[in-house]
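Before I ask anything, let me first share the structure, which is written out below as structure tokens.
For clarity, chains are labelled A, B, C and D in written order, and residue numbers in each chain start from 1.
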Amino acid sequence: MFSLEGITTNVQDWLLMKFNPTMALAIECVIVILLSISLFAILGLVLVLMERKVAAHIQIRLGPNRVGPGGMFQTVADTLKLIMKEGLTPDKADKFLFNLAPFVVMMVGMLLLAPIAFAKNFQIWDINIGVLYISSVSSLSVIGILMAGWASNNKYSLLGAMRSGAQIVSYELSAGFAVLTIVVLTGSLQISEIINAQQNGWWIFKGHIPAVIAFVLYIIAVTAETNRAPFDLAEAESELTAGFHTEYSGMRFALFFLAEYINIFIVCAIGATLFFGGWMPLHIGNWEAFNHLMDYIPSSVWFMGKTFFLIFLIMWFRWTFPRLRVDQLLNLEWKYLLPISLFNLLLVAVITILGWHF
Amino acid sequence: MTNEEIKEYITTLAPAATYDETGEWLNILVTAEELQPLMLALRNGKMQMNYLFCLTCVDFKTHLTMVYHLSATTHRQSIVIKANLNREQPVIETVCDIWRTAEFLEREVFEMFGVHFTNHPDLRKLILEDDFKGYPLRKDFEDPINMIKL
Amino acid sequence: MFLKEYITDVVTGVTSLLKGMRKTGYYFTHPKEIITEQYPDNRATLLMSDRFKGEVVMPHDANNEHTCTGCTACELACPNGTIKVVTKFETSPEGKKKKAIDALVYRLELCTMCNLCIVACPSDAIKMAPNFEHSVFDRTKLTKVLNQPGSKIREGIE
Amino acid sequence: MYNQTEIIKDTSELGADGELVINMGPQHPATHGVLHLVVTLNGETIKKIEPHLGYIHRSIEKMCESLTYRQFIYVTSRMDYLSSHINNLGCALLVEKGMQIEVPDRAKYVRVILSELTRIASHELWLGAMAMDLGAFTPFFYAFREREMITDIMEDTCGARLTMNYIVPGGLMYDLHPDFQKKVKAFITQFKSKVTEYEDLVTNNVIFQSRTKGVGILSAEDAISYGCTGPVARASGVSCDIRKIYPYEVYDKVQFDEVLETAGDSFARYMVRVKEMNQSIRIIEQLIDNIPEGDFVGKTKNVLKLPKGEFYTRVETARGEFGVYVVSEGGTTPHRIKFRSPGFSNLSVLNHISVGSKIGDLMASMGTLDLVIPDIDR
């Protein structure tokens, strides 16, 4: 049966056969870098198109349908346009930080790819503190946004960046707590272990009430963390024109744009891993025949399917809800999400100790 | 209140007022000096004219006339107060401390007719650019560049 | 009680959000509700209202005749100086001099489609056409002469 | 490599005490046109708002001084372009009042029906745009779907979608389209079935409510003092509906309620407009089957000359009281014409209701004031 696992093992065996181990590692690194960059490019194109199509259908429109069949190449055309455009740097901007910021945001996205399991045994780096790594690295993206807002020397940008700072720092908390729920249930921080623990059922089913609550909290928190509507205060179009990236144009704007979608993909991938078993097929208790049938679907399809379902959910939010105000945003976190997460953590601890989950 | 009663009432406040009843509402012409105290009395006195729904100026070539349309939300009676102004030096006291809406309306009249409102808190141009010369709504305004004569 | 209020708050809030999501979800799954008009692909089937005020035209019949007498009523009625009637004197076969139009100049770029000229016209010589695709590459092309070259006034119109 | 002074030297441009002065507009997504607000901020809190107007000032009042009484009506469509029909009606009423022109019943009925359709169309657009200001993009398209039906009706009957110019002194420019009644009824059915969508998506939405409730509170006294009219004043409990107080055309023959709210905040202004749409539907339902047969335009002279004197009419547009003040010297053109536009007064209250609130609140209060910039600038 075709599997990504087979390919990786074959490649590694071949490399080790031809070169010494250091060289092989270096070549592997290069391959991984190339793969992740191309994944970024493809994801960017697909997700932007998906967003536009989802938005269009929710808004009783057709969406892009002129470039290529069904508008498939619309984002390619857009990218081409953005590459051709002149990347302006405002006169009084802090040029070094201004140019650095999009790359910082982008790099955070790339770093986060490392511990994600795309398919069975297809993972860049199965670090044993995977979840901790994710939650610590993902909070770095705020630095890029603050950098962009400050260096633009634009008041709208500054306001947007400051909002974003307050927002991401506070929503880190409940996202972290939601993730901790699963860590408590699994008893491990390692991504592969978390997935393996869902062999006989996903955590969202096995962990019942606390897992569902944690999932809802997680989705809300990551929507806020990725600056998506209804929490898109950092760019709040109708208030701050475009927030922290007001002054960006051309490819540097495209990087911000891309980073937004990459971040969505990553948080959804993590959500899928934690709550829906990552690449793990849907297994129900002792139904051997059913479980066996499910195993025939490749693990990468399972992973992508779950991730894209969550991405759709986040897009659905965006095109339904109005935006919150900045103080209401913080109220929501500190008065609602955080107490509920704390309570939920307590609940899950009790359930785990008593073994009440399946 | 009938028009006669209003006339009586206003004569006590502004003895020099003249009246004109040909239009839809009672028109009261007062001098520029006695306008502000009269307005204050109309707003706070027994008439309770709390709604200034139109404030404008008319250029009659010989003089400017300030026109104030007043009404009350309680008894819905409308009157019109007018004051003639000298065309060269149009000065009148502001009413924007009585009705807040007058602040913007007087700024508009200021730039369009050149009427100077004393005691106005913020008498600047509202619509035209700051270095605009002339008063566009006066009859003798000529702008050969922007105005196209058909 | 505080806790009860808190929980009611959360529940009503979440319910209201879910209701909105149900509505948008309904439209997402019902592509039949899409209202996009695919202009210009649907140009062949696009139905304009017959009264639509797109531009002023002067209808000519098969003999290249119109009914405009050159009375300048439309020119007077127009608020923007869009229409200019240029008249000339024609000599009829009997030797009688008669006023007729040389050109009815219509400047589309000044027109506000107010329809006052059509209402003013005593002989129904001009009307509004439902044509809305007016873009041209040169502004001078917007100045049109409405009477066709060689056209003349129909017999019996005074 | 990194030079800090480049940025620090700019602080001299800031206001006192770290105040931040930002120019909102004339190109800004939320000002819906070329409104320019100079907003003084302290952090996120608004300290002062100063509107700078005139970006599309066309001096319509001066233009009208050189147009005849038949011609000047079309210009008023260009002021409040969302209720252009009602503006036209106000001007036509003034000419009819000044010259004592009899208007046939049929014209009166049609004028009122079209006015109410215009009002619904305007409120629909406002609803979509307002939701968009608050970050919800989808209701805009749902609202436009219904509005599109109205513009189609307008296009059929008046020949234009926005600047109708369907009214002439004495009646209508031409008769109704044969399909008019059928289409209006179809619209009413569609509207009634879809109006719950706005409730699900906007009105009952917890985020929308928290964004608008208690935001931009305007008291009744201030509303009167600032000359606010229309839904803005009615949301503060000021009864100011011209259709009720000084009924024109056939408004005295139809049953409808003046929608009043007492809270005076953005949510109340929102509710007033939403309920007003239902009242407009009610008016149309009463009239649509009873349009009398007969002439659509009364007998008028060819050249209209208003007698010497002063004339004032007011009508209730979608935004409030629209007044026309004409000083006539007896000629064919007005000597002086003044349009009392509702948006101008409603804008003047913006600073008052927004001071002390957040930038996000400014969008809510500005959105619910329903500003149309050409109406303000004239």
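Simple rule for what comes next: contacts are C-beta pairs under 8 Å (C-beta built on N, C-alpha and C of every residue); 3 or more make two chains touch, one makes a residue touch a chain.
Owing to the predicted nature of the structure, the values given are computational and were not obtained by experimental measurement.
> With contacts counted as defined, which of the two, A-D or A-C, has more C-beta pairs across the interface?
A-D
> If I average the CA coordinates per chain, which chain comes out farthest from chain A?
B
> How many angstrom lie between the centres of chain A and chain D, each centre taken as the mean Cα position?
Inter-chain centre distance comes to 44 Å.
> How many angstrom between the C-alpha centroids of chain C and chain A?
51
> Mind checking the centre-to-centre distance between chain B and chain C? Centres are C-alpha means, answer in whole Å.
Averaging C-alpha atoms per chain gives centres 42 Å apart.
> Where the CA atoms of chain B average out and where those of chain D average out, how many Å apart are those spots?
Here chain B and chain D have centroids separated by 25 Å.
> Which residues does chain D have that touch at least 2 chains other than itself?
Where chain D meets two or more other chains at a single residue, that happens at 138, 145, 201, 205, 207.
> Using the touch definition from the top, which residues of chain C touch two or more other chains?
Correct list: 17, 20, 23-24, 35.
> Listing for chain B: what residues touch at least two other chains?
Chain B, residues with two or more chain partners: 150.
> Applying the document's contact rule, which stretches of chain A touch chain D when the two form their complex?
Touching chain D from chain A are residues 55, 58-61, 92, 94, 96-97, 150, 153, 155-156, 159, 163, 229-230, 232-233, 236-241, 319-328.
> Can you tell me which positions in chain D touch chain B when the two form their complex?
So the residues of chain D in touch with chain B come to 51-54, 57, 59, 61-62, 66, 221-222, 224-227, 229, 238-240, 245, 309-312, 314, 321, 323, 325, 327, 335-336, 338, 340, 344-345, 347-349, 352, 377.
> Contact residues on chain D for chain C in the complex?
Residue list for chain D touching chain C: 67, 70-72, 74-75, 138, 145, 148, 152, 155-160, 163, 165, 168, 173-174, 177, 197, 200-201, 204-207.
> Show which residues of chain D lie in contact with chain A when the two form their complex.
Interface residues on the chain D side: 1-3, 6-7, 10, 20, 22, 28-30, 41, 44, 131-138, 140-142, 145, 201-202, 205, 207-208, 210-211, 358-363.
> With touch defined as at the start, can you tell me which chain B residues reach chain D in the complex?
Within the complex, chain B touches chain D at residues 22-25, 27, 50-54, 56, 58-59, 67, 69, 73, 76, 80, 99-101, 103-105, 108, 126-129, 136-137, 141, 150.
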